[in-house]
Amino acid sequence: MSSLDFSTKIGSRRFSNPIFTASGCASSGQELSQFFPISEIGAVVTKSIMTKPRTGRATPRMAETPSGMLNSIGLQGPGIDAFLENDIPWLLANSAKVIVSIAGETVDEYGVLARKLRAVSGVSAVEVNISCPNVENRGQVFACHPESAVAVIESVRRNIGGELPIVAKLSPDVTNIVEIAQSVINVGVDGLALINTLLGMVIDTNTMKPKLAGKTGGLSGPAIRPVAVRAIYQVHQAFPQTPIVGMGGVSNGRDAFEMVLAGASAVSVGTATFGNPSAAMQIKDELSNLLLEKGFNDFRDAIGFAHRGV
Amino acid sequence: MSGSQKINRSAIQIQAEVLSNKKVGPYHHMVFAVDKMAASCKPGNFVAISVGGGQSSLILRRAFAIYRANDKGPMGGSIELVVAPHGQGSQWLCAQNVGEFVDIVGPLGTSFGVPSSNANTLLVGGGYGSAPLFALAEVLKNRGCRVDMVLGASTASKIYAPLEGKRSVSSLTLTTDDGSTGIHGQISEAIPRLIRENSIEVIYSCGPMGMLAAVSKIAIEFDIPHQCAVEEAMACGVGVCMTCVVPVKDDDQIKMTRTCIDGPVMDGAKIIWDRKIVMDALHP
Amino acid sequence: MSSLDFSTKIGSRRFSNPIFTASGCASSGQELSQFFPISEIGAVVTKSIMTKPRTGRATPRMAETPSGMLNSIGLQGPGIDAFLENDIPWLLANSAKVIVSIAGETVDEYGVLARKLRAVSGVSAVEVNISCPNVENRGQVFACHPESAVAVIESVRRNIGGELPIVAKLSPDVTNIVEIAQSVINVGVDGLALINTLLGMVIDTNTMKPKLAGKTGGLSGPAIRPVAVRAIYQVHQAFPQTPIVGMGGVSNGRDAFEMVLAGASAVSVGTATFGNPSAAMQIKDELSNLLLEKGFNDFRDAIGFAHRGV
Amino acid sequence: MSGSQKINRSAIQIQAEVLSNKKVGPYHHMVFAVDKMAASCKPGNFVAISVGGGQSSLILRRAFAIYRANDKGPMGGSIELVVAPHGQGSQWLCAQNVGEFVDIVGPLGTSFGVPSSNANTLLVGGGYGSAPLFALAEVLKNRGCRVDMVLGASTASKIYAPLEGKRSVSSLTLTTDDGSTGIHGQISEAIPRLIRENSIEVIYSCGPMGMLAAVSKIAIEFDIPHQCAVEEAMACGVGVCMTCVVPVKDDDQIKMTRTCIDGPVMDGAKIIWDRKIVMDALHP
């Protein structure tokens, strides 16, 4: 049996393997630790946290769709202070690598969150969620326009100090995702997270009204995987040096491998965890087997492999 | 959020063989070999089951209340469920034959709290919501409680009340919306009289949200504790997705609380049943 | 049994029922006539035709995805002259209502196509496909930007004369579909077709290369239905007077009803036909039953119903 | 494109019962009750089958060459298929039990053209590609043709050559890549000798595209007509989607021709087998 160097890097940080949880799909890791040791996956990406406690949207908050689901949580959470007090210590005590996802309603809020994180030791990176579709106003999706995306990233950069890698999470619901990627790379992000959910809607044909209380929701799951692979491929093609955390419908090792071949340096598991609480661990094992089968001894050789040769 | 290391601490994920699958009225009574999972199941807990098979477009598990758990038997531990073949997922489950295997995660969620001393209890079930109440009745009876039960449904055939289940109850009242059996009317109309006649001290309920809301209102009027098992659409069942929440009073605020972890059994008095209040607060 | 007025209108034209084929998913109708009388559906929307014969892309041209598929045909076709000579006469001889879909590489080509159509009698509308993702250059997707979308529609309008209703087919791969809709409505389209496929990619993990010869393809099928419903809902909300031909993953009567409730005046059946050659007929029957069950006696009362009341 | 009113003029869509499902080496030999569809099936035609069941995420049909069609039998008409359990769809089909129903559209596509006078024919099959050749052999033999057959596969077990199928052939040559049976080597290596020895006048072939390309090259060298049944990924199977095309010579141009309607049986000499030529022309 040949051995595999399964580690990966984002900015200055190294992760023992490239399988992460996806923000909002693993809470803060504790619930999943019943099913596998949380320290064995590459990193836990926490649910996007805001400055203040937030109630989120009314129910129904979800609708299953063919090979996918809509969610409309609306960024419910305890706020950054309670989060830093309760969740981070548990994760660090359980030897998890932690990527904190942050979300704000204004550019300044992102700055405030970054400043609070700066003081915390043990965090491996910050994911800047500028692409949550579950906001009252599409104008609030900062990742929809280069200018607003840049403003947020600059605010985070200024406040976080030079230390922590910054990963910008982008939306697929844009005319040109390469252009948005370009804009945030220009202001110095260390990585990109691709993709957040697609804006979708289900109408309940019994009530004849939108099924979700918030009307629209974010589409995730295997249904969107071709869109995610395309986005990763396009962005990796344009910026091969920028690490990408790929996600969108990854349910098994083959799917994760597909994202890696497209250009992902790490792969996040989101919706698959809902169908199978051990999904992330199983995907990690399957991906490592697939890499060895294909003759890779270093994970990093597989990143973007679909772009090479003919 | 404290004590969260204890979350679902006895939950496991297993491939469980279908031991039995019988049609009972409009429902399917199904038995699964779950080995050691059975020992940790308490009345009110639920399981989450993968549906649709390998190529399924249904990506989420379905939640089912545990009707009965038997921790020892000829085949090892087993659990019983009562499944209504409603939509695609439950119809698939009901179509599984004896000998086939399904993927089950459980036991999940909170269970019914049992009074420390004996008490007069009323168990209220709507439709298949009666399922978890029979195991509860047994526990209560063994604790020396008086157990009255009222079950309702739209029509007679939809009342799930198997013979062996009734052994533990002192009285059983039935109601149907169409009057096809028992009292003609909604289940909630029958409750005040039962509370008075049997000096009820605790109410347990399980069924459609509308019924739970009505029962909660009565429990508050009579100032009786009310534990209800709620049913909200769940994506994960294990506490990570935040889809399954119900609005709970938290000082003057609304706190959206996960029914898969802090429920399904919850304090009926704390839940905000009035949808308008919630919509006005959250979607102004 | 109550009866249903199942007819619908786009611009000046009336169709006996609102179930159409989707462009590129029914060729020119002849192949499906083996399975049902083509005159019984509302209209046949033909495969987008270009000025000249076109070879299209190399194979593989398709990849199945979870609840969906990618196609990368690349607008193969015989060119407008052969099309008008062979296909239109057959359709008219078989009493089909015909909507001709046209596609060009330049604004002028759309004008040329419109001029050729102007001379043809018996056609019920022209669908202007400005949103095909299977072109070598994303810049060619006219529906990506209001300016290019407007230029095409104006060219068609000028050349087609006042007669034929113009339906603009839009892409969901844009930051703001309402803005694109607005722009073409401003220059006088009679209807909108929503949605074309989403740009996607599948990588074959055996060969470790993109599965399609053209690398990217268009994602269709049930997977994209929530995106389609959302687009239709948003656009109908903004422009309730503009008829929408809804499509994207409609496989049964319930799905069609969902689109109608969101705001569609007609519903096109695309990928579902591949799984079931009689899909369009079955969907027509199922939709009519559903409408009656819900108490609608006039189809048009159901259009956009999800927007009304609370 | 002319004569297109005749497209698939005998195709119908039916729910067909599985009459038999037997494992034969790595394949499944399956029989379906198709009633009157059987009478219109000709050697080379295929059927398109829905896979995965009601909640399936697999939305496209799978194509299968008709191995044999019997238009009268105790159960009415039936067709036989040889299915390799390759991926999700074919595995699902192979898992269907006797008595279950599957949705079949057929017969579809072109059939093998049969010489008007008797002729010496060579039938070349790779893997399950041998399936349609046996019915063809019977037809040819009944016309008075000499029928030689050569079947190849990677290994012995993957050669599908049932006893009853061999009745109609004058000679049967086997080749395997691993030498586990017959001639050690690729099928194409065995063909020139067979052509010479048996004065072959027509070649029929079915199997992987690489094999068909090799056979075409030989047929052109010997200047013998070659009808091959190609296999391209098909989305619709009925001619409406344009995914299933192969590049065909059309003056100096490439014409992408649908293999579901103008195929699967096509003139091997007209197909452009060199992928580089096509890629250079279409994706410069």
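Observations
Think of it as A, B, C and D in the order they're written, each chain with its own count starting at 1.
Basically, contacts are C-beta pairs under 8 Å (C-beta built on N, C-alpha and C of every residue); 3 or more make two chains touch, one makes a residue touch a chain.
Predicted, not measured: the structure shown is a model, and the values here were computed from it.
Hopping across touching chains, the smallest step count from subunit A to subunit C is 1.
With centres taken as mean Cα positions, subunit D sits 46 Å from subunit A.
Subunit C and subunit D have Cα centroids separated by 35 Å. Annotation: 55 Å between the Cα-based centres of subunit B and subunit D. Multi-chain contact residues, meaning those touching two or more other chains, occur in subunit B at positions 57-58.
Counting partner chains per residue, subunit A shows two or more touched chains at residues 63, 66-68, 221-222.
If the chains shown are joined wherever they touch, the resulting network links each chain directly to all the rest.
Subunit C makes touch with subunit D in their complex at residues 24-27, 30-35, 47, 55-64, 66-69, 71, 73-74, 76, 78, 82, 86, 90, 213-214, 221-222, 251, 271-278. On subunit D, the positions that touch subunit A within their shared complex are 57. By the touch criterion given at the top, residues 1-2, 4-5, 7-9, 11, 13, 50, 57-61, 103, 105, 232-233, 235-247, 253-256, 261, 275, 278-279, 281-283 of subunit B touch subunit A in their complex. Across the complex, subunit B meets subunit D through its residues 51-58, 88-89, 92. For subunit C in complex with subunit B, the residues that touch the partner chain are 66-67, 222.
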